[in-house]
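Given below, in the form of structure tokens, are the structures.
Common to both upcoming complexes is chain A, partnered first by chain B, then by chain C.
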Partner chain A sequence: MSAAALAGRGGPAVAVGRRGFDRALLLAIPATLFMVLLFVYPFLYGLWLSFAPAKGGALANYRTFFTTPDLWPTIGITLKLALPATLINVGIALPIAFRMRVRGRWQRVVTTLLVVPITLGTVLIAEGMLNYFGPKGWLSHTLQLLHLYDGPIRLTHNYWGVLISLVISGFPFAFLLILSYVTGIDPVLARAAATLGAGTFAQFRHIYLPLLAPGLAMCFCLAFVQAFSVFPSAVLVGAPAGPTRVISIAAYQAAFEQYDYSLASAIAMIMGFVQLVIVAAVLGLRGLFYRGPVAGGKG
Partner chain B sequence: MRHDFRELKLERVTRSFAAAGGHAFNALDELTMTIRRGEFVALLGPSGCGKSTALNCIAGLLALSGGAISLDEQRIDTLPPEKRGFGMVFQNYALFPHMTVERNVGFGLRMRGMSAAEIAPRVARALSLVQLSGQAGKLPGQLSGGQQQRVAIARAIVIEPPLVLMDEPLSNLDAKLRIETRAEIRRIHGELGRATIYVTHDQDEALSLADRIVVMKDGVVQQIDSPQRIYAQPANLHVAHFMGYRNVLEFEVTAVNAERVELSGGAVRIVGTLCQPLDGRRAVVAIRPEEIVVGTRDGGANSVRGSVTGVEYGGRDSLIEVLLDGGLRLLARSDVPAERGDAITLSIPPERALVYPA
Partner chain C sequence: MSAAAIGAQPTRHASAGGAAKLLDRAWRGLLAGLMVLFVVNVALLIAAVAVNSVATRWLGTWLPAGWTLSWYQQSWSDFQLAGILWVTFEVVVAVVVLSLAIGVPAAYTLARRDFPGKRALLLLFLLPLMVPPMTYGIPLATVLYQMHLAGTIWGVILANLIPAAPFVILVMTPFIEQIDPNLESAARVFGAGTGRMFTSVLVPLLAPGILAASLLVLVRTIALFELTFLTAGPDSQTLVVALYYAVFAAGVRAPQSIDAMAMIYMLVTLVWLLIALRFVNPTQLVSRVKEHPVPAG
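Up next is the complex of A and B:
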């Protein structure tokens, strides 16, 4: 991401050296090379591979995908997990980050607490969830002990298990990103709004939200891409045979169970295309909002 | 929106902050004063003196640690800023970067639930008052610093607040624009006929704008007075120092005769005017460089001799540094050319040599 931005813009020195060759551009070579080797080449190779199936024409893989009843629905299944998970993560992270905008003792404590899951990794989260949310887990036991709910709770090995896992692992990421956007907005703007009669909610609604919108869109995209490629939790705490058979499982099975690399590449391409459509739509919406410095005037 | 307020009363307003080591210090210590309708009050002092703290306390952006603020008979120090309805102009303007000039200025009115039809003419009037009528559709980022400043003023006054609070509003402008905007602020204050509290560290700004000046140091009020009195009769040495009394010399008191004090130090003997009761045998004399009369002949009583050791050219006159025969140094303004090494006589009017306890 940052490597691409670097290679694309090249920093302010470009403007200076427009008339001749700017030697500072040479600094972008390692990053560009890195991008080409690790991203562009595998992508183009996969693209080519997806159009070169073992049998049938160039489009055979894509035809297979959209006609096989256990392949094409994976798009819908994945979207049904990734979109709500992203909305929940961004939607919950925003008010919490807004509350935490004032630097203080609490900001550090809460930030630390919220960030812990990011260091755990999906597998550890899944294990914890199986212990906690499973039919014989603590949650179930506690509810039964308190006679709040006597039936078995099923929060694992189904849709909800994966959704909860995506929220646990994705939330800290969304929170940290949004917190950095929120604290980047000059607090004097909110104070000015307050002297003009805006209460806390009005300050959020009229000052913070419009200024955060572009950042929120970016955060949504990154969190969505992360959630869309869900794999471990869909297997570990989901029902990988049915309700949480996400697109990455389909790609994995094509590649490593059927050894059809060509079909797997086609599925990966479709996966990328769906992500691209959502990201492009969200970033397109971003263009409707103000983008620019978020300070109130001369510093 | 109250049009009928008479006065804002500050009673022992105090604000303390926690300092390193768990101690609390008073950034503002028992500020007591009454600001009447129509008055222009300047809070003046060096940075860190508590003047901005005082302004933020009045605006409601800082909670008080003690004391009370009331508008007429109503206590307001417990109200949040959005309920006080004072217009505030911030040092860095704090314009909303995503709103046009028009929407910035109309923000306070929208927060009061006014309809677009009511807002438009008020915004237009406020913008014409600050002479920005043609810029209504622009974003703040497209305006110059001076224009942004005037938008900030328009935004603060359009809500017709009883009080306009200004926190060093000119400190980001260049010298010429600062003087122009200063006149503008005074004119707008006159047209609105409400009270303005203006925070500044610039004595010229305070003297030219204010009806009353509050000089502060370390959170404590040093003097509250008219600009004329602050300029000519500083209440203590801190105020004198801040108001441009650049010669501060310590002497031995030899005689006190009501207001007149005779002092001596080395070979120098001068007569000064007592401004604050003395508490010992030593006293300090504060003299403004421009009130010393520079000549070459003996100026009679209260004159001292010396030689020029430095000249700082200042256009209409020069600031000269003089080494007196007794070893003391004085700064004086001279409109006759002087050069280093010139022998010179300085006459100090006794009524302009202000004597304070050492």
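Up next is the complex of A and C:
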């Protein structure tokens, strides 16, 4: 992009401001206007609304949130689900994506298979889990047949059900995202390392991992954001009244069961804030790693 | 790759090489095992829904007592699926068309021009994809209720456009950067205005990109739950939200009937997914930016 800008008028991107107003800029106006009206304005409105409760001072909603025993623990409950799920998903997706980095038949087959759980969505996965992981489902039968576990297994309507559903929907997402980063790294770099005697692990450790760090940080953030906003599966395969009463359930109930939009907005803002803290921490860690081009050669 | 890597270390001691090879093989086996475990369990999970939807009665045995297709008929009438499918169709078509209509021109500006505030604009288009739908969905639903749009199909379409339009912009920008600007200059030399240049030069060249973007938006919109859930009324539910309510109120209807509906939802999604996979790389469904076009020379 910067090279193109330097190339001036012959390049793909033309700097504006040399000769009056450029009408091509008008083309971005509908999209900008739309985003301002339907994304920025509601967000700011929600922020304002959260400080304007029906009764009490400006901070009454936030005080309510941090003093009500079924509201403030939702932060911890959500983090206890979202952080392990994200670590599992990214931690397992990374070595598998690294193994699959060479374009070939298997890469195509596996990526195609893994797209299915993403597009089916969390609601369908939850319904399937109730059948399959339920106490009378196939999994329970198989475990009993193999005498691995004799009692009825309890993997639905509790913490584990939600964690499993987060892994089923989140792992393929993390895998495909990391795969797109891994395949974006020029294999020439790894081959150069190999000629100097680096084995597969050394190549991974010294070539791929540093180059992947920004991508991994991004992937962790996106996977975390998804897991943190868990809603349908926490209701359907979790225990929404107790151990999996996540923060989005609290926000939803405030808005659509108590019709307290002000409190609901405050919960949504707290949710955004907690998530922002985690994302900022991860991106801060990323800053410790190498930053630069991921292509070898002339690039 | 690995053969080349191993072949490239002739100086390594023979026995150490053997141990490393064994370790490497065990590691590979572990990864393959994890992958197989995941895929097999997800496949069985889907199969369990499919089997239950054609079962007469299935209580704690390996296979159901008998087979029937009547649940599909019952599900169709119980959940008024004809209406729900029609609403889903309307929402998806409107979201695809509108997101292309506002997204492609904006992508053109971002691809071709440098202007003050470009980074801020990019951030504005990136944020809706980074913030979870629940966080901005609740304030959005509040605003839409005040405008009396929530509960109508227009509210659902507007809410679904918020992640869809930025997605189109981020998918289309690399496609447009890839097109030689000299083609546009040539069209200008021959007297084409901006509109004519768009329809006669850019749109035909961009057709593959537009097709890919619209399929990606389509598949994602069918599956998008939260925003539709927060803004839909009884007459404007899409299939995925209707399925959620059916599972949520399980016990009211026979579980087979719910699973029949789940199968219909799955078939609708899978048909479009298969069409989409003919034209797009699976990784594009999660990552927004297309692989960089290889520059000539």
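What we mean here is this: the second predicted complex is superposed on the first by the 268 of 299 C-alpha atoms of A that agree within 3 Å, B and C clash if a C-alpha of one lies under 4 Å from a C-alpha of the other, contacts with A are read in each partner's own complex, and residues count from 1 in each chain.
The definition used in the following text is that contacts are C-beta pairs under 8 Å (C-beta built on N, C-alpha and C of every residue); 3 or more make two chains touch, one makes a residue touch a chain.
Since the model is a prediction, treat every value here as computed from it, not as a measurement.
Engineer: Quick check for you: in the superposed arrangement, does A:54 touch first (chain B), second (chain C), both or neither?
Structural biologist: neither
Engineer: Does the superposition put A:199 against chain B (first), chain C (second), both, or neither?
Structural biologist: Both partners.
Engineer: Classify the contacts of A:96 with the two partner chains as first (chain B alone), second (chain C alone), both, or neither.
Structural biologist: After superposing on A, A:96 lies in contact with chain C but is clear of chain B.
Engineer: Please indicate which partner A:264 is in contact with in the superposed arrangement: first for chain B, second for chain C, both, or neither.
Structural biologist: Touch partner of A:264: chain C, not chain B.
Engineer: If you count the residues of chain A that each partner touches, which comes out higher, chain B or chain C?
Structural biologist: C
Engineer: I'd like to know which partner A:173 touches here: chain B for first, chain C for second, both or neither.
Structural biologist: Once the two structures are laid over each other on A, A:173 reaches chain C alone.
Engineer: Applying the document's definition of touch, where does A:189 land relative to chain B and chain C: first, second, both, or neither?
Structural biologist: The first partner, chain B, only.
Engineer: For A:34, is the partner it touches chain B (first), chain C (second), both, or none of the two (neither)?
Structural biologist: second
Engineer: On chain A, what residues does chain B touch that chain C touches as well?
Structural biologist: After superposing on chain A, chain A residues 191, 194-195, 197-199 contact both chain B and chain C.
Engineer: Show which residues of chain A lie in contact with chain C when the two form their complex.
Structural biologist: So the residues of chain A touching chain C come out as 5, 11-17, 22-25, 27-28, 30-32, 34-36, 38-43, 45-47, 49, 92, 95-96, 99, 101-102, 110-133, 136-139, 141, 168, 171, 173, 176-177, 179-181, 183-184, 187, 191, 194-195, 197-200, 203, 221-222, 225-226, 228-229, 231-232, 235-236, 248, 251-252, 255, 261, 264-265, 267-269, 271-272, 275, 279.
Engineer: Note which residues of chain A are touching chain B in the complex, please.
Structural biologist: Residues 186, 188-189, 191-199, 202, 206-207, 210-211, 289-290, 292-299.
Engineer: Name, in rising order, each residue of chain B that touches chain A in their complex.
Structural biologist: 59-61, 80-82, 84-88, 90, 92-98, 107-108, 111-112, 139-141, 145, 148, 152, 155-156, 159, 165, 172
Engineer: Give the list of chain C residues in touch with chain A in this complex.
Structural biologist: 1-2, 4-6, 8-9, 11-12, 20, 24, 27-28, 31, 34-35, 38-39, 41-42, 44-46, 48-49, 52, 59-60, 62, 101-103, 105-106, 108-116, 121, 124-125, 127-128, 130-136, 138-143, 158-159, 161-162, 165-166, 169, 177, 181, 194, 219-220, 222-226, 229-230, 240, 243-244, 247-248, 250, 258-259, 262, 265-266, 269-270, 273, 277, 281-283, 285-287, 291-292
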